[in-house]
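The structure is given below, and queries will be raised subsequently.
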Amino acid sequence: ADTIRVGLPTKTYWPTTIAETAVRQKLFEKEGIQAELTIYRSGAETFEGMAAGAADIILDPPSLVSAGRKKGVMSRIVANAAMGNFGWQLMVPTKSTLDVKDLNGKKVAITAAGSGSDLLALWTIQDKKIDFTRVPVGGGGLVPNLLAGNVEAAVVYSPLSFQISKSGEAKTILDYATAVPPNLTAGWIVLDKFAEAKPQMVQKAVNALYGAVAFMRANRDVTVKLIAELYEMPPEIAGLEYDNTIMKLETSGDMGAANVNAAVQLSLDLAKLGGLKDIVPVEDVISAKFKPVPTK
Amino acid sequence: MQSTFVINLARIAIIIAVLALWEVLSRTGIVNPRLLPSASDTFVTLGDLLQRAAVRKDLMVTATEVLAAFALAVPFGAVIGFLVAENRYFADVAKPLLFFAFSIPKSIFLPMFILVFGVGFAQKVGFGFFSTIFIVIMSTTTAVESVKVEHLTVARSYGATPWQTAFRVYLPSMLPVLLEALRISMIFNLTGVILAEMYASRDGIGHQIATWGENFQMKQLLAGVVMVAAIAMTFNELVRWMETRCSHWRT
Amino acid sequence: MQPLANVTPLKPAARAGAIEVKNVGQVFKTRSQDVVALEDVSLEVKPGRFVVLVGPSGCGKSTLLMMMAGLRQQTSGTITISGAPILQPDPDRVGVVFQEASLFPWLTAEDNVEFPLALRGVPKAERRAKAQDALKLVGLDGFGRRHPHELSGGMKQRVSIARGLVQDPPVLLMDEPFAALDEQTRMTMGDELLRIWAATGKTVVFVTHSLTEAVYLADEVIVMSARPGRIVDHLQVQLPRPRTYEMLSGDAFGALRDRIWRHIRKSA
Amino acid sequence: MQPLANVTPLKPAARAGAIEVKNVGQVFKTRSQDVVALEDVSLEVKPGRFVVLVGPSGCGKSTLLMMMAGLRQQTSGTITISGAPILQPDPDRVGVVFQEASLFPWLTAEDNVEFPLALRGVPKAERRAKAQDALKLVGLDGFGRRHPHELSGGMKQRVSIARGLVQDPPVLLMDEPFAALDEQTRMTMGDELLRIWAATGKTVVFVTHSLTEAVYLADEVIVMSARPGRIVDHLQVQLPRPRTYEMLSGDAFGALRDRIWRHIRKSA
Amino acid sequence: MSAKTLRYLIVIGLIALWELLPRTGLIPELFLPSLSSTLIAGWTDAAEYGHALAVTLYEVVVSMAFACGGGILLGAIVGSLPRPRVLIMPMVSSLYAVPLVILYPVFTVWLGIGSESKIAFASIYGFLPTMLATAAGIQTIDPQLLLAARSMGATLSQRLIRVIIPAAIPTVLSGLRVGGALVIVGVVVSEMLISSAGIGYLISRYRTILDSPHVFAGVLLVLFLAIAFNAAIRWIERKAAIWQTGTRAGQANDDIASGAMQPAT
């Protein structure tokens, strides 16, 4: 059977849960293909991995597709994975009395300049009409620096956000899942060349991935257990991740849906805040050729 | 005899003191235990991790990659370093270039390695090699330059071939510098492989460590660091053992 | 046993061991100025002769020896050993005992002595035996296992002599080999050297500062002047062999010694 | 000018320069076995005496000197210099000229000679002048700018002697300083040394292998036996000073020389 | 062809490849943008890069002082005292075996996110190899020289400065080279990991949004730092050449050492 190489941006991020479920439930096999999962350091690295020919299908935001096209890496989003920043939260230490408005002039930790967390911070600045310093501290530096008081607040991803709020170390002052208007935050991406050369492979892969989403929605216990195992965390937090993130994911993935174009546009507009200059038209970023048929 | 005993005793005492300090800092809350879990907790976690087949497999993968990269980079770098030191022309041409290559953060080139090797064993080994070779070259050059002229003259007068000169004069007289270089190279090598694993991979301990770090699993992170450090230290001790065997003539 | 000896590139006329130095000069370039160490030195040594080189400190004796050994290239002139010019060290033609012991500190005394043999791939047992013999010859029986830093100055020098001897080349160049030895050891070693020389028919060029030693050992004594080094005298020592200590007090001996002494005195 | 000299810790009775060696032994531990280098050596040197130490190669002369200089600790016994035990090098009491030149290769000859003065913070001009004088004394006028590798063996040794002399300590220990010199230079240097000694009233302990030199220079000659090093004779040389070359052929000289020679011969 | 010419040719060749490989599409622009687009990117945002360079330069210089100065000094001290050497060196090299890069995010907790943490990280990163290399170089020194210095009453500090360091100068210089290069790498990498200023920050920011010309404009600046540092080292090396007369390095021109002799006329 052919092997499709799936590139995932971080281990403890919902795309990993999807892909792992697809593998463990043998959904790729049911489609007659095999999958090889590779985990990268972040979105940009994943995209570079695909550009370097080390991944066939990856999950990333539209902004990277747009930037890539300007750099000669021709790819498109073939399936819509999420329409919101689920699990992403602006957090302060529990003892802190600061609200979003009070962050004016303060320091807020983000993972990296130009990353998803940076975009959310920039959106906050714009939306709440305040100004604060964004401090890139890397994934591993978010919580330590927040707890140590080097920053007043941090933009935290899931399930880390659930974990520290559950442990009582930090509390949420802004939930981006609800605050930010729906936009296409991430989709499954393939190179144009690949889509042309092996359309069936792409179709089968998205079938399996959306089959996994369907399976997860239907099987809470199995999924929570899987998350707990993959992320090495207690089941309560895995449960939170399931309820607040997995359950919010797109189930159809259809790029032809009516609201998609606007959602992609919004996403690109947000990316412009972060310094993205290489903007291409929405039509060039997406492809509606593959409508996922979830594998059963 | 007695002095080695005292020294070992002193070493153990220092190690115990450091561990005790770590434990006390964390236990008394002088340092937030969430940021610095106590030594005992870390070692318990380490025990747990080592029980896991997956972690053991990751360690094996990393160890294999590290060894392969090292086995390639050291002889290769040593030969180039030797040439640079021995041949003035070659040195004039290559030294500044090698030096520039050495002073660029290597991680910038990680994508290139994926471009050439894909993601996998070859890419990790390749990047480990790339991270190590420059320091090997530079250290070899220095080591060669510290060799005494008289000794070379003697060897030449007996008609030593270049190989014989290399093995019978250069090697023994530069041994201390060379072994130190070996140790430092090993650390560069290890860091290189781990960086490559953190960047993109399917397995390996570096990949695990990155995940623990991003998930704020400090106990696991520290245990992982201890694991990696332990590997490097074992190697260190191996080199040291070799050193004491070979350099006894120095007083 | 050695059929290859027939096709040796040496001119048949030139017997192994002949040394010819023609119009040799040596100029050192230093940061400040050029130093003329040797000027127009010519000499000829017949095979099998024992030649002693004397001259004031810094006159260029070591430099001349280094050039004969192919370890330093002369600025002008030619040097021929066993009929062929010497452009690089050739242990099959020339062996050297250096002025400074230059032992390898990482090797034991016996390993140091074995070194030249090891380079040629002589089997372990054979070279061990040879090294033992050479060490016994220089009176260091039982010191084989010591490292250089565990030996006294004179002992190191003797190890270095032993290292020169095991090579067994037709021409042996020795640069003040006995300088660090007491008179008794020096005499014994001198006699040993003469015995080996007589038995093997080597050509020996020997540098010393002891005029008594010079006359005692030599067939010929070459006297050099202070810088720029030049040959000021070339004496034939006609005393019969084997030499004895009684000769030291003879008139012939005294006359030779005096003649050299006057040269040295003048130029130092 | 130097009021501090009044509170010097030296016993008032012990004049600067006295050396007392009492029951000193030295055992080297090597991998294979223990080497007894010196056994129960005792000697006393009155201030201002010129003492020569002779003995076969490897008998422990250098070792004894190193211990007197505080550079090596004896295994047993005590060594007192100028009235106080010497436990570590003290350039105010003892200066050393080593058997091997041990010049610093990165310094020029004159910088090498200035080195001990620089350590004590002597101003540049003063130490340059002193170094020049010392170099002139050893016949190396004009070689100050050369680096050691540009000097001949004998020249290096002379730089090393100059370095020992500029230090101007009350006790000067010299380990075969003239070994690499030709006879003429050796004599000149010997006379220079005697002149300096006579002028400054230093105590000198001098190691040599030349028995003629020993008798020529010494007030007293101490003869050591082969390993384990022991003192087998301690002669007073009663020849008048200044010494002359004519004395060399005198009977008194010959007798002394013979007496030492017999010891050496027996033990080497 | 002189070595210099060849080296320049190689450099020119590399520059040409840098321009041509991306242009011809052999390497995607994402991985290596052409030199011209890199220069343009750098030029258009010159102010931003200038500011970043100032920050990085400051961090590099301070770290260099700690890493090279401290490393050489401590390496020389520890390397020349037998007992501390045996005791401390294994621990120091073991310490270096701890993968610091991984722990860096945690370090920032105590050292803050500003220049201090970069300086601390880069100093340690460059300090340990410099110290280890120097201490190892000390051991190749002829013990006779130390004996001579001791006999002249040299104090420990005098022995260090006047004997040990000059005698170990080739090793010390290479320690300086390695240490300095590592300091540059250390500063840039730590900026790339966590920071809001400096060249490393720019590199990682532009990398996150796949703006490769801007990334390589940053890399180019790092290269310039390396070139400047190399020039400084060469200057020191020339000054120090006089100290190296006893070793291979100092006598490479001497025919005795080189072994490449030509027959005289």
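Chains: A, B, C, D and E, in written order; residue numbering restarts at 1 for each.
Keep in mind that, in the parts below, contacts are C-beta pairs under 8 Å (C-beta built on N, C-alpha and C of every residue); 3 or more make two chains touch, one makes a residue touch a chain.
No experiment lies behind these values; they were computed from the predicted model shown.
Peer 1: Which chain has its C-alpha centroid farthest away from the centroid of subunit D?
Peer 2: Taking each chain's C-alpha mean as its centre, the farthest from subunit D is A.
Peer 1: So, comparing C-alpha centroids, which chain is the farthest one from subunit C?
Peer 2: A
Peer 1: Among the chains in this structure, which pair is joined by the largest number of C-beta pairs in contact?
Peer 2: B-E
Peer 1: Taking each chain's centre as its mean C-alpha position, how far apart are subunit B and subunit E in Å?
Peer 2: Once rounded, the distance between the two centres reads 17 Å.
Peer 1: In whole angstrom, what separates the CA-based centres of subunit A and subunit B?
Peer 2: Centre-to-centre distance between subunit A and subunit B: 36 Å.
Peer 1: For subunit C and subunit E, let me know how many angstrom lie between their CA-based centres, rounded off.
Peer 2: Here subunit C and subunit E have centroids separated by 48 Å.
Peer 1: Distance-wise, how many Å sit between the C-alpha centres of subunit A and subunit C, to the nearest whole number?
Peer 2: Going by mean C-alpha positions, subunit A sits 83 Å from subunit C.
Peer 1: Residues of subunit B that touch two or more other chains: which are they?
Peer 2: Residue numbers touching two or more other chains: 35, 111, 115, 149, 153, 156, 173, 210, 213, 221, 247, 250-251.
Peer 1: Identify all positions of subunit A at which a residue touches two or more other chains, and write them in rising order.
Peer 2: Subunit A, residues with two or more chain partners: 48, 51-52, 139-140, 144, 147-148.
Peer 1: Which residue numbers or ranges of subunit E touch two or more of the other chains?
Peer 2: 28, 30-31, 105-106, 109, 143, 244, 246-247, 251, 256, 259 - these are the residues of subunit E that touch more than one other chain.
Peer 1: Could you please specify the touching residues of subunit A with respect to subunit E in the complex?
Peer 2: For subunit A paired with subunit E, touching residues are 42-44, 47-48, 51-52, 63-64, 67-68, 71-73, 112-115, 118, 133-141, 144-145, 147-148, 150-151, 271, 274-278.
Peer 1: Along subunit B, where are the residues that touch subunit E in the complex?
Peer 2: Contact set of subunit B toward subunit E: 3, 7, 10-11, 14, 35-36, 85, 88-89, 91-94, 96-97, 99-100, 102-108, 111-112, 115, 135, 138-139, 141-142, 144-149, 152-153, 156, 173-174, 176-177, 179-181, 183-184, 186-187, 190-191, 194-195, 209-210, 213, 218, 221, 224-225, 228-229, 232-233, 235-237, 240, 247, 250-251.
Peer 1: Which residues, counting only subunit D, touch subunit E once they are in their complex?
Peer 2: Result: residues 69, 71, 89-92, 94-96, 98, 100, 102, 104-106, 115-116, 118-120, 147-149, 167 of subunit D touch subunit E.
Peer 1: Using the touch definition up top, name the residues of subunit E that touch subunit A in the complex.
Peer 2: Residues of subunit E touching subunit A: 25, 28-31, 33, 105-106, 108-110, 112-113, 193-196, 201, 204-212.
Peer 1: Sort out for me which residues of subunit E touch subunit B in the complex.
Peer 2: 3-4, 6-7, 10-11, 27-28, 30-32, 83, 86-87, 90-91, 93-94, 96-99, 101-103, 105-106, 109, 129, 132-133, 135-137, 139-140, 143, 168, 170-171, 173-174, 177-178, 180-181, 184-185, 188-189, 192, 200, 203, 215, 219, 222-223, 225-227, 229-230, 244, 246-249, 251-254, 256-259
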